[in-house]
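Common to both upcoming complexes is subunit A, partnered first by subunit B, then by subunit C.
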Partner chain A sequence: MLGCFYAAVSIGLSVSFGLLDVPHVAHPAIMVLGSYCTWMLSVRGWDPIVAGVVLMPLFFVLGVLIYRFYYEVFEKRGSDAGVRGLAFFFGLAFIIEVGLILVFGVDQRSVEAAYIGKSFSVGDFRIPMRMVVAFGVALLLTFSLSIYLSKTFTGRAIKAVAQDEPALRLMGANPVRIKQWAFGIATAVSALAGAMLIIVSPVEPAIDRLYIGRTFCVVVLAGLGSMTGTLAAGLILGVAESIVLMQLGASWAPAVAFSLLLIVLGIRPQGLFGR
Partner chain B sequence: MKIFSFLLGLIFSAGALAQQPVKIGMSMPQTGSLGAGGQAALVALRMWVEDVNAKGGLLGRKVELIVYDDQTNAANTPGIYTKLLDVDKVDLLFAPYGTVPTAPIMPLVKQRGLLLMGNFSFQVNHTVKHDMWFNNAPWNDASSWFDGWIATGQKLGGKTIAFLAADQEFAQNLANGARELAKKAGLKTVYDQNYPPTTTDFSSLVRAIRQANADLVFVASYPNDSVAIIRSVNEIGIGNNVKLFGGGMVGLQFTPNMVNLGSLLNGVINYNTFVPGMKYPGIDEYFVRYQKKAAEAKVDPLGYYITPYNYAMGQMIEQAVNATKSLDQKKLADYLHKNEMKTIVGPIRYRADGEWANPRVVQAQFRDIKDKDLEQFKQPGKQVVISPEAVKTGEILAPFEKARK
Partner chain C sequence: MSGRNFWIGAVAVLVLGVGLPLAPVINEYFFYAGYMVLTFVVLATAWNILGGYAGYVNFGPPAFFGVGAYAAVLLFKWVQAPLAAQIAGGAAIAGLLGFGVGLLTLRLRGIFFAIATVAVVFIMETLMINWRYVGGATGLQLLRPPVELFDSYTRMLFAVMALMSVAAVSIARYIQVSWIGRGLRALRDSEEAAESSGVPTLKLKLFACTVSGALMGAAGAPMPMYLSFIEPASTFNLSYTIGALGSAIIGGMSHWLGPIVGAILLGTLQQVVTVTISSEMNVLVVGVLLVLFVVAAPEGIVGLFKRIFKK
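On to the complex of A and B.
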């Protein structure tokens, strides 16, 4: 279940970094922004998942604007866009973090819902409902995105822009608009992931830092741009972390993600599900 | 003529020095895991600066506090303190709040022979043995925290213990002390697990503790983890056998966390430094002023845990500087070693290692806590002190599962 949660928080990055090649290190910060927006709706009586879904269109617009700015200022201007873009997204992450601190302070925020704080039993084994909800939403999100990317024209165009941008242009599609749309989707997904984050555990403005390494690891481990691969990689990471924690000790657990990454990239450079 | 110019220069430079503020430098976690506590502590420190400046400052010079955010990141503090000393040229140093950010600066202050006023660290001077370190926290060794906790557990018939501790400096120092004390007390350890500070979900760890079926469960954790652990215990359950749960959980003293967790806190027996009902000269007036400022600054609205001790840290420096009429760090350290300090958290006397000679840390049990009610935490009786015996305010309610209801 923890693995599915990791997959859910990584799936937006799988689109923005995996498919669009945008070094979106602000992805976890945008997710935390989604958590705080969810919290604001939640204290007004909204269910966190519903709040996350309602926030998706707003975050889509935010994503479109961010990409447009990134494109005009960096991508359009040349080959070193990647490095400068990285600095831009780091800056964006800091601005979001500091903005959240100024508005909400540094205290933890949490939400309430019927499924938070409850568990169900299978024999003597109790499972927290919040993790089940995160599990369900992660599955739904992964399969919805997979179907969208493989069955719709825009979805296939998003995949195509990652593979061969000039060819897409020859087909009459505007790669910049496709990328803009895809980045919007990735950001919209972050809103729902943010809702899940605050369901799973309380959040504070700097919590995004915990997820930068993990999310990039899941996306690369999966194979760039693979949605089902992201789910599988999240699951593998979650299970591996738990096993290492119990068997080898706590000090080794944070190293699991990158050790796995090194091993997989050594054997299969394109990632587990990359082509 | 030359003598006249020299004297004139001397007078002017002495005048200029008198105009220069006394700079006190520190880093403070204002973001990250300890950010909530750090920001509240800063409100208290700034109150002291305001107060001391209203009285004319130190040695006739205004006091200026130079603070940087260390983001609760131990890697940041050596650089910040080097900058404070070499670029900002501060006169005195306060340590950042917490063990983790403080530990890396101990070699630096020892090497340079500097006075360091410690700020709620646990045993950071244990191996460094710096003789100019003075901790503002009301504890010394692990026994000052846990003798009472363990004795209470044994009185209830506890024979086995489980440990859960964060894999970082503070929690490990604390847990190692508790492990030794448990061993001395003849308790059998049935579960002992460290977890990485990046842990998000504690379900599997709580499940493992439940399976271990321990009588006492000792937890040493930082604020975010503490909240997540309490939530997991509520979901998974810890087992009917557990008599005591808690001990060293940082964060359960912060008002926003207490309000958020509400009734989930019931039954937990955890360390604290101040609970309503404790009386010291000037403390009530301090809290009235603090709470007004905290509301404006949007930080811990009650500020019982760390803030009065930060104000006290300023008071101790003020007392030492006024008594020695000097900013000489050796003279100040000597004064702090030999004299009793009068503060809003009561009189403080130091041992040779810079920890409190008469520790006053308490173990208190949360009782009858309701959800979403901040005001309840101002009342005595919501945190019943079960140890030490001298300040006990009630009997323990056990086992833990019964106390939770």
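On to the complex of A and C.
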């Protein structure tokens, strides 16, 4: 179940980085921003998931703006976008993180909802209700996104952009608009992922650093842009982390995602389900 | 700048760097803050060897910096090694780590390389958290040995760091003007083209990784003595990344002067902001400046000056 959750937090990145080749290091930071927005709504009595869904259009606009800016400044100029684009997103991540620290302080925040404290047991296992909720939403999110990408016209267009941009331009479509749309979706999805993040565990501003490892690990392990691969890779990471947690203790857990990432990058950079 | 002028400048800086701490008049805080600025000069210069010349974005300065610091602690705790040996040890271990990272990530480019280096930071941090001998997660107090010649330990560290800055910049400059720098620039522009015209890209990348790592390790080695304390969370903090990368980009990546200008500017600004406002604010300032420069002046300050002088 942790695995499905990891898949859900990574799926936005899978679109923005995997399909669009945008070096989106700020993805986890935007997700944490989503968590904090959810928290702000939930102290006013909103349900966190409802809050996450409400935030999606807002984050969609934010994503469109970020991409537009990125395109105008870096992609259009073409050469050497690599180093500077990376630096740009890295700086953005830090600005979001420190902005959150300045507004909310470094304390951990968590949300309240009817289903959060509860748990139920199946045989010997006790399963906390909050994980079930996150699991459900994660599954729904992954499947709806993968259906969207393979069945609808815009979804197919996004995949087409990923494969061959000049060809799409020749067909008379505007790749920039499609990418902008896709980046918007990716950001909107990370708002909902942020809501789940704060349901599953308390959130602090600097938590995005850990999730850089987890999300990129899942996306790279999955093979860039593969939605079902993302789900599988999330599961692998979740299981690996749980095993280490039980065998070696909590202090080793953060290294799992990063080590897995290094191993995958070193041995099979195209991932398990690569194109 | 011609070779002779450079060496005259280097000697002048060196005399100033060692002479100032010997003069008893200046405020102690100047050296305390100046040490950090000089540390960033070394870090940014080291980062630029790989990031600026070769175009490989390294998000991992804290890994090398931290490994250097921990190597120094280990040597100190084990055999009470003097500072010079600590620095040499830190540089050696971090250089080795750089070589290893280079070997592992040779096939990776762009964002994959960057993310791999972030991974190295977190893995190193986790290792140190779980290593009881060097203090684990709670950290370790260190007792500074007495100093001769200088009035205080901080003053001596300032002089040492000034020496290392000059050394780091000399190395960076040598790399820039020699065939190594030309090779690195060639592989930045097009790795395939460089390889097929006979540039040994593989060896050059490994060399750049190793030198860059070793310099960062050397910069980190005196850190535990400077704080008389070491602890993983702050040693492997990603804000060193943004400091090193920010300095190089703001100063200008194409010239050895860039990281120095950037680091002095950013480092001083950071010290001022930390003292007058808060330490969170200083990271914010660096982040905003970084984004601003990347967007508006991609050639950095050195690039801006070049453009003005051409007109």
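Rule of thumb we're sticking to: the second predicted complex is superposed on the first by the 248 of 275 C-alpha atoms of A that agree within 3 Å, B and C clash if a C-alpha of one lies under 4 Å from a C-alpha of the other, contacts with A are read in each partner's own complex, and residues count from 1 in each chain.
In this text, a contact is a pair of C-beta atoms (placed from the backbone, for glycine too) under 8 Å apart; a residue touches a chain by one contact, two chains touch by 3 or more.
Because the structure is predicted, anything quoted here is derived from the model rather than measured.
With both structures placed on the common chain, the touch criterion links A:P254 to subunit B and to subunit C. In the superposition on chain A, A:M246 makes contact with subunit B only, not with subunit C.
Judged by the touch definition given at the top, the superposed model places A:D208 against neither subunit B nor subunit C. Within the superposed three-chain model, A:G91 lies in touch with subunit C and out of touch with subunit B [touch as defined at top]. Once the two complexes are overlaid on the shared chain, A:D47 sits clear of subunit B and of subunit C alike.
In the superposition on chain A, contact is made by A:S110 with subunit B only, not with subunit C.
Once the two complexes are laid over each other on the shared chain, residue contacts for A:V200 go to subunit B alone; subunit C is not touched.
In the superposition on chain A, A:L2 makes contact with subunit B only, not with subunit C. In the superposed model, A:L265 lies in contact with subunit C only, and not with subunit B.
In the superposition on chain A, the residues of subunit A contacted by subunit B and by subunit C overlap at 101, 210, 251, 254.
The touching residues of subunit B, counted against subunit A in their complex, run 30-33, 35-36, 38-39, 71, 167, 193-196, 198-201, 203-205, 207-208, 223-224, 227-228, 231-232, 234-237, 254, 256-257, 260, 264, 298-300. Those residues of subunit A whose C-beta lies close enough to touch subunit C in the complex are 17, 23, 25, 73, 80, 82-84, 86-88, 90-92, 94-95, 98-99, 101-102, 209-210, 212-213, 216, 220, 251-252, 254-255, 258-259, 261-262, 265-266, 269. Of all residues in subunit A, those touching subunit B in their complex are 2, 5, 97, 101, 105-108, 110, 117-119, 125-131, 200-202, 204-207, 210, 242, 245-246, 249-251, 253-254.
Those residues of subunit C lying in contact with subunit A across their complex are 51, 55, 57, 59, 104-105, 107-108, 110-112, 114-116, 118-120, 122-123, 125-127, 129-130, 137, 238-239, 241-242, 245-246, 249, 253, 280-281, 283-284, 286-288, 290-291, 294-295, 298.
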